[in-house]
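Inspection log for the structure reproduced underneath, given as structure tokens.
A, B, C and D are the chain letters, set down in written order, and residue numbers restart from 1 in every chain.
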Amino acid sequence: MDIGFIGLGRMGRHMAANLVKAGHRVRVWNRSPDAAKGIGGAEPVATAAEAFRGEAAITMLADDAALRAVIVEGGLLDAPERPGMHIGMSTISVGLAQDLAAIHGRAGVPYVSAPVFGPPKAAEAGALNVVAAGDAAAIAKAQPLFEAMGSKTWEFGPEPHRANAVKLAGNFMLLAAIEAMGEAKALVEGHGVDGNAALELYTSTLFACPVYKNYGGTIMSGRYEPPGFTVRLGAKDMRLALAAGESAGVPMPLGSVVRDSFIESISHGDGDKDIAAASLVAARRSGQT
Amino acid sequence: MDIGFIGLGRMGRHMAANLVKAGHRVRVWNRSPDAAKGIGGAEPVATAAEAFRGEAAITMLADDAALRAVIVEGGLLDAPERPGMHIGMSTISVGLAQDLAAIHGRAGVPYVSAPVFGPPKAAEAGALNVVAAGDAAAIAKAQPLFEAMGSKTWEFGPEPHRANAVKLAGNFMLLAAIEAMGEAKALVEGHGVDGNAALELYTSTLFACPVYKNYGGTIMSGRYEPPGFTVRLGAKDMRLALAAGESAGVPMPLGSVVRDSFIESISHGDGDKDIAAASLVAARRSGQT
Amino acid sequence: MDIGFIGLGRMGRHMAANLVKAGHRVRVWNRSPDAAKGIGGAEPVATAAEAFRGEAAITMLADDAALRAVIVEGGLLDAPERPGMHIGMSTISVGLAQDLAAIHGRAGVPYVSAPVFGPPKAAEAGALNVVAAGDAAAIAKAQPLFEAMGSKTWEFGPEPHRANAVKLAGNFMLLAAIEAMGEAKALVEGHGVDGNAALELYTSTLFACPVYKNYGGTIMSGRYEPPGFTVRLGAKDMRLALAAGESAGVPMPLGSVVRDSFIESISHGDGDKDIAAASLVAARRSGQT
Amino acid sequence: MDIGFIGLGRMGRHMAANLVKAGHRVRVWNRSPDAAKGIGGAEPVATAAEAFRGEAAITMLADDAALRAVIVEGGLLDAPERPGMHIGMSTISVGLAQDLAAIHGRAGVPYVSAPVFGPPKAAEAGALNVVAAGDAAAIAKAQPLFEAMGSKTWEFGPEPHRANAVKLAGNFMLLAAIEAMGEAKALVEGHGVDGNAALELYTSTLFACPVYKNYGGTIMSGRYEPPGFTVRLGAKDMRLALAAGESAGVPMPLGSVVRDSFIESISHGDGDKDIAAASLVAARRSGQT
């Protein structure tokens, strides 16, 4: 397929490369143009508009603001040449996804939300979990692209914003797991136990799954830099999840605790460390550090 | 070894049976005596005192009150004949474990705390995770018993109550996972998503581990009866974990949210259902049910 | 003074009327023009721009969106004729106040934030508490206006958004008091006590002050309609307070609980009732209703 | 009347003295006997049993443990000479009050719960608010005593523990007010506002009542020693309030936040300071201190 790919950060560059490998023609654009050069076989273009055309345009931008700036305020939906569909793969708010669905509807461009689960390594390996929602025919057409980037596509129906709700709820669960490990560690250490030994037990047995093993492993190592995903970005995702809850009338008290801990983590200088560093808040609250 | 086993509930009966299978001589006692009959090869005795002797006595009673009543108030530590060691495997408070360590010390009976992780099925299969703390020599002697009952022993040093802290912290993490799934499900359903489909995604990928798969599976099935472990018992364990936190100066705000949700679950009639039923609180708060 | 007054809702109409009574010339404008007619002695004008001029323009609009729409997007700061100062008296976000300070700075129009504490009755009586921040000279000039509308002016320095932080923090305290009364009532009723009798005790003694007496009185009456100030608006203010906390790195766990309760209240159909109705959440959580 | 008074701490000594002033004959006993000497006109007795007789015996002991030790474990209800009624004025748990009602019922001694609101100064001035529950005839007989000690008696029906629920709910509200002021102060200071100036505003207007003025005043002064009532005792009362909630099926999320903040305050060395010091937690969480 003839694809435009916008946003070549730590995830996007791998996703675009995998599309090239799968035989698609991929025009790539990034706000800072250097990022577009290193993707062998992809065709750097000079403007976002040149990427936002072809059979499908994929966006993998940092956040709501970036997506709004490039697509909406950039006027790409009013451009003479527009893509056969727009696949939004960024982690954005449910509210923006709803706005995009409406705007694209008026512009006659099918909009599919398809955020992903998985770290940069999974993006590199083409092993992401793709969470898709939107027009069924559009999703079907996009399936070869999803297969190039991910190991499995999970569909959640015709309204694009549903995929974003699923993504944000998953990230909330991940962040809550970090807080839980932090509190559990502080609890056992308060009773003289080596917290790492306890985490080793938990993450080898009841909680032997990627989220706990990965972030538990980071906690056990005590090395929070360089970050995989920062506390500050975790706080942003928690904010988006809580806003999605509020707009649907869903109180999320566990989410509120996570939010407060992440703010506290940032206020103590850990905003740019790995999200697992938010687990340190519990020890500080307990006067252990 | 010559062992006494006190407490033949849903876990204890399987643990005692596995000790018999491993070739140990096992005297068994239970408050309601019928439970003691069905364990082939074990020797029912008429009083707790007759079980509380031999090379080791194991207790697997329901809670603090039962253990206090049988052992402490029952005066077993003042009896003429006493066991070579007492292995307490119940999930009890850190405070009681500390009291028991002191009382046993005065009585000259080594006390080992060895609570376990695992459901009745794991007890039946001899596949529990044993969390042990206490005198190292006593733990070494007990190791053949732990091997008969569990697949792995995790040691946490000389102070028995440490094992209880580790057990309670693990149960807290488990209960927090149920609350997290409940809030995540309510969030996505508030946006029109089939919550079960989202849970299927989470528990197959990021959260593909026993706690999430088991309790997530129960939530997806919607069948909370018969219970594995009840909401009421979950509330009790959360109370013990929070008390352990308080005594060590550890605030546990995530734990506080879990506590409040479990109280709410009981107040709405779900106290005797499976702990996974506590996930229903989030939907009711959201006005979805 | 020659004043323009924009926003003639339940508070604004009284404030404008008091300015007239104090001898000022007051041009008034409201989005729905009928509201502008009933203020004797004031001069209705046809456009917001005609009100946004003179020695001072006062805005008392519903929320951030209304203020942004009328002033910023309405282009009033680029109009040829502009006021000697703009006094923003609405309860708005700290973020918008910061934006307004910057925008007015560029336009050369002094901006004073002056939100108020007090119900419509206090507005009618000219007995509001005015919370002012901004350029000291501008506040000094505005003082006769504040005296016409309020009983006391509280100054918080040169940065306008500080007044908004003080206002939002006060509203947070008010909302937390409602949640506290709700939980206290549920607690005592859970033990067979007449909750109203307990509230009567609290609000006559330890808590004999306007917030507790007014909202406690509403709770005791059980009449939540017509609302003074709605649960939905309370939820909005709580959202603004939490956002102000987040932007300053301040976790507000008590505020998070209030937020969750207000969402729950709205989800159970009480969004348009008096904020005191949020106290009902505690009873429902407890299975009492 | 002929009265025994047990417990002559900071509150009890004034209460006993006021009973003497009102013309009653008062036998006094305290665990450390020196305290009993300074109350002019009262008759120190050598044992608690000698105080626990006469027309009424009043207890004003520190906590559940002290009351259990002196009355229940001390066997005073089995003594040959017993009082016409027992008036328990300590702040104790709802659970102990229920136990005491049962035990006294079996012993044939009417039990009235009558905890009080008010600081030592109010005790000295005979201006306490007495919260009474129990047998109506017994309360009627006790009324002259209450009038000697307090300015008003608030009755809550025949079950003694109800008075304790009302007392604990009131203390919860007080503790929540401190947390609210702490968060509000941190919020405004995060935006450059002098927090004391904001507290001055709140406590002079919306919140001009004893709890906010007293504890707000302490916060403004920054002097948390000597303590009126310590953080540690506040934590204890919060624990009792939450336990009372749990036993009645009442989740108290605001109370849970208060609990966590008080634990955090103690863990940072403020346990023996005035409860208003718990407000410092919010600033530390925010990285302001």
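Just so we're on the same page, a contact is a pair of C-beta atoms (placed from the backbone, for glycine too) under 8 Å apart; a residue touches a chain by one contact, two chains touch by 3 or more.
Predicted, not measured: the structure shown is a model, and the values here were computed from it.
The chains touching chain B as well as chain C are A, D. Across A-D and A-B, it is A-B that has more C-beta pairs touching. The chain with its CA mean position farthest from that of chain D is A. With centres taken as mean Cα positions, chain B sits 37 Å from chain A. If you average the CA atoms of chain A and of chain D, the two centres end up 52 Å from each other. Shared interface positions of chain D, defined as residues touching 2 or more other chains, are 245, 249-253, 256-257, 260-261, 264, 267, 285-287. In terms of which chains touch, the assembly is arranged so that all chains touch all other chains. Against chain D, in their complex, chain C makes its touches with residues 94, 117, 129, 131, 152, 154, 156-157, 159, 161-162, 165-166, 168-170, 172-174, 176-177, 179-181, 183-188, 190-194, 197-198, 201-202, 205-212, 241, 244-245, 248-258, 260-261, 282, 285-288. The touching residues of chain D, counted against chain B in their complex, run 235, 239, 245-246, 249-253, 256-257, 259-261, 263-264, 266-267.
The part of chain D that touches chain A in the complex is made up of residues 253, 260, 264, 267-269, 285-287.
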